[in-house]
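Paired with subunit B in one complex and with subunit C in the other, subunit A is shared by the two complexes that follow.
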Partner chain A sequence: MATGRAMAWRRAGAMAPASLLVLGFLVLPMLLMLRYSFNSFVPGKFMVEAVTVENYVKLAADPYYRHVLGLTLTVSISVTILTLIVGWPVAQFLARTQTRHKGLLLLAVVLPLFVGNAVRAAGWMVAFGREGLVNRLLQATGLIDVPLQIMFTPTAVIIGIVSVNLSYVVLTLSSVIEGIDRRAEEAALSLGATPFETWRLVTLPLALPGLLAAGVLSFILSMNAYATPVLLGGPSFQMMAPVVADQVLQRANWPFGASLGFVLMLVTLGLTAGANWLVGRRYGR
Partner chain B sequence: MAALVLDRLTKHYGDHAAVDTLSLTVADGEFLVLLGPSGCGKTTTLRMIAGFVEASTGQVSLGDRDITREPPHRRNIGVVFQNYALFPHLSVFENVAFGLRRRKRPEAEIKTRVARALGLVRLDAFADRMPKQMSGGQQQRVAIARALVIEPDILLLDEPLSALDAKLRLEVRQELKALQRLLGIATILVTHDQDEAMSLGDRLVVMNAGRVEQIGSPQELYRQPASRFVASFIGRGNFLEGVGAGHRFTTRHGWSLPTARPVDDVATVLIRPEAIHLAPTADADRVPARVALVTYLGPMTEVVLELAGGDRLVAEQASGGWLDRVEPGQDIGAGIPPEAVIGLGAEGATRT
Partner chain C sequence: MVTGDRLGERFGRLAYGGAVWAGFGFLLLPILLVLWLSFFSNEILSLPPDGYSLRWYEGLLTKRDFIDGFILSLEVAVLATLAGLAVSVPASLVLVRGRFKGREAILNFLMAPLIVPAIVIGAALYIFFIQVEIATDIPLAGSAPGLVGAHVLLTIPWCIRLLTANLVGLDPAIEEAAASLGARGWVILARVTLPLIWPGLVAAALFAFVVSFGNLEISLFLVAPGETTLPIAILQYLEWKLDPTIAAVSTLQVVLIGAGLFATDRVVGLARVV
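Then we have the complex of A and B:
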């Protein structure tokens, strides 16, 4: 007992510097923003010290912001589902391959991250244009006659964000799949399960915690995406992060920007916690 | 009819043969043990039978079915793994029911068959547990029940006991033996443990570097090992090198022994430690020997002997009487009956 408590204290002591750092760099700015969100904005005088919920009321009352939040959610959920579906086969291949060049393959997965989001989005802009690579390819293969409008559509934004998130999702999933006991899969096969049944009844359930982690990661990244929606979605395509930035940078309305930011964070947290709870309940973990 | 026939089964990894033209037959209801050192190809053999790896060449037949190219889920083979490989997200009941559900059996039948299988491994009361709430021995018994419940054509076990601690290992070993007898199911068990192999197998297959070294009953392998490899892998022994001619073997150090069988062309003989009869003094039947080391093992006493010519022998004899007072440096007599001198084939002779 006594030694246990002493050890707990010692451990707490060892963790103190890191905890202070987290507190200083993450929690304090957030508390500051929370406080800002209850301030009042007076045109010409900017932020005025107050304790009011007027920002949140405005946010809830204005259908425009509900639309922005709804669009952000739609895009993020689509991106999350897409990254998981596209990422799984790649991750499974990476986790199970016997090749000696695994290091190179992993590097290839991470490589896209070396290019910043804005630069990558600029690349997509070139590819998505009316005369861009994608339209040329589609026309060359005879799939379409008239160039498609891809730029400034939700499709462009979703493809853009998927291409960013895929690296994270593949890395997360492949480490989870690597941890799955292949003997359990072989046991299922020997008991008469087809390869697909084996995947559905053994591999997938065992990968579920990792699938959740990868999904949450992808979801959070898309909820907060900034450069990609701005560059590929164009001026009329409004997602939350650009709208927050617009309030703070263009209109200097810190209180409203802060309240938007907080709602974004709460919705993201709420959905993440909900997904966690659902998965936990379904698989009794 | 034979339950399983392997015909010149071979598996190459690159240019290395993990299993090399391996042929064997498992009779109906037989308990066959594959025995050999780590890396000799036991697991690869089992995995080719189960269908988890494809054979490079050769054939696997189950009854009258050629299953060499059959995918594992259509083979109806029960497999038990060293690490149990239970489904951690399913209850014990669902683990055992898994194979029956894949076979679309009615719910009532599943209930009774799972209950019976769990009864066989004495885990009736554990149906609702999750695997991680059970001990290693219990988990392995669930794995055995899960493999048996589908009434497989053959049961394969890959070192099923080696993850258990020593006491449990003996317990599960005996249960496994009794269960196999009761159900009369053809079984192949892989192990590198000779005691396990001897106590479980109706027949043992000794493997070395991907090939069969010898196949036989435990008694045959112990009494008439075909090679030095088999002799040293099964039991312990004294190996004497020299030249054989007719019914005589002469060691390098010049000691000449009579043998029961002719030993022409034999270069190595085996003498089991317990076949040497020790007496306080040498006589007509016993050569003089000096005690170099005495180790008391309880029921048995082990004595290391040095013969006049320089040959060394390890002898083992029931403790008690004069043997309890024997000391290093003492001169005693060692009798070696001619039938205890076993000629061994040249290294690898049986493998070609």
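Then we have the complex of A and C:
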């Protein structure tokens, strides 16, 4: 039995450093923040110890913050639907292609993921500016005379976030599609189904759990988007993540910032757990 | 009837091909536009450009903000990657090999930094560091250890995920053979296990580095006043203006990260990593 106990100690020792880091740099700070979200904020006096739900009430009742939450949800839902539509063909192509250059194609998907959201937003600013690519092309073709205002609109933010999320969605979907047995599709084709019918009746239903997972991922990433709404939406376009940063850093209103952060986190975690539960129940792993 | 179907099928194939290339184009367009802008000779964005020039790249040498930001990001990312690997390798070994109660729970616990929104982690750490400093006089807020620690937290889930995926495919019989031939635990780890999972190590190191180097949301809360990492410097500049200088900075970042990814693809194959 001594060896069993020694074994258990060695296991604990091997896992301790990583676990303690997560405890000290994530769990404890989150608990402190949860506690502070029930404190109250008195202008001029900073934070006052209390046990009150006034911050959460303010979030639910104040028209401005309801607008922020509503805007964040609207943008996130639009982004998620668009990302799935744009991402599917790319993912299916990546999953099924036999080319030698698959590594390069993957690089094209992964590189945007890694260069940072601010850099990508800069690219979209070149496209969307008053003198930018889109306006110049539309003017050259005679479709418009006066430049369109694209920057600082919901359209610009949605396009920007779609391009950020697309890499994640393509990678998730293509690994799911790769897991689908090709013979199922071939059977449908050999029985006379058209490629579209095969996709609709065989591939899509088999990929549904992956589609759900990719959708949830895209939704979460949009809910938490920071750089893209700040740069493409401008100062008056308020989504949740920039507002959390503003409350904590600029206004020093920790209690309210903490409650905003917690609502954002609960929505995120709730959705992740809900989707996992749904997939587990429906497809019984 | 038949011709109609064929026509439909051909149209469908064409639409599918078009959608695939449009998708790739959409992914790469913003990056290509930034590359293009960095070579414009005119400072204010107007298309088509007056001409092309490399002077913005030369000008970068005098931009202290970007150089300091780059150096800080590099230092933090290297330290975070090394520390992340150091704590994740032993944990991954135990998590893959061991069959014990709570294994699943610990795995999920270590993945948590990936699930909690980065902006919330940043805000919570900022508040926590300040309160710890008030309580104990340990200066954590705006300090290098605080920033690096937060970045190590970020790298853990990526390291664990990539390392465990690699370790699953490793046959324990090889290590048992080494042990039966008299090798001790540390020797087996250094001479047998690590060399066998090195594609996983490379992948974990790369992802950890890139995740840390590119992080904006957490660093935003934790840098000292007047100090910036490269992503923060880029964001703050872009909030103010868009010009070829910032495009040149972005281009250098794209080239650096692109080279790292390309090297990974050559060494271990990107398809095995992502």
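In this text, the second predicted complex is superposed on the first by the 235 of 285 C-alpha atoms of A that agree within 3 Å, B and C clash if a C-alpha of one lies under 4 Å from a C-alpha of the other, contacts with A are read in each partner's own complex, and residues count from 1 in each chain.
Going forward, contacts are C-beta pairs under 8 Å (C-beta built on N, C-alpha and C of every residue); 3 or more make two chains touch, one makes a residue touch a chain.
This is a predicted model, so every value here is computed, not measured.
Subunit A is touched at more residues by one of its partners, and among subunit B and subunit C that partner is C. When the two complexes are overlaid on their common chain A, residue A:61 makes contact with neither subunit B nor subunit C. In the superposition on chain A, A:181 makes contact with subunit B only, not with subunit C. In the superposed model, A:146 makes contact with neither subunit B nor subunit C. In the superposition on chain A, A:194 makes contact with both subunit B and subunit C. Of the two partner chains placed around the shared chain by superposition, subunit C is the only one that A:244 touches, whereas subunit B remains out of contact. When the shared chain is aligned, subunit C comes close enough to touch A:109, but subunit B does not.
Look at A:51: by the touch rule set out above, it reaches neither subunit B nor subunit C. When the shared chain is aligned, subunit B comes close enough to touch A:202, but subunit C does not.
Residues 194-195 of subunit A lie at the contact with subunit B in one complex and at the contact with subunit C in the other.
Subunit B makes touch with subunit A in their complex at residues 50-52, 71-79, 81, 83, 85-89, 98-99, 102-103, 143, 146-147, 150.
Subunit C meets subunit A in the complex at residues 5, 8-9, 12-13, 16, 19-20, 22-24, 26-34, 36-37, 44-48, 86-88, 90-91, 93-95, 98, 100, 106, 109-110, 112-113, 115-128, 131, 149-150, 152-153, 156, 160, 210, 214, 216-217, 220-221, 231, 234-235, 238-239, 242, 246-247, 250, 253-254, 257-258, 261-262, 265, 269-271, 274.
Against subunit C, in their complex, subunit A makes its touches with residues 8, 11, 13-15, 17-19, 21-22, 24-26, 28-30, 32-33, 36, 86-87, 89-90, 93, 102-112, 114-127, 129, 131-133, 136, 162-163, 166-167, 170-171, 194-196, 220, 223-224, 226-227, 230-231, 241, 244-245, 248-249, 254, 257-258, 261-262, 264-265, 268-269, 272. Those residues of subunit A that touch subunit B in the complex are listed here as 181, 183-184, 186-195, 197-198, 201-202, 205-206, 283.
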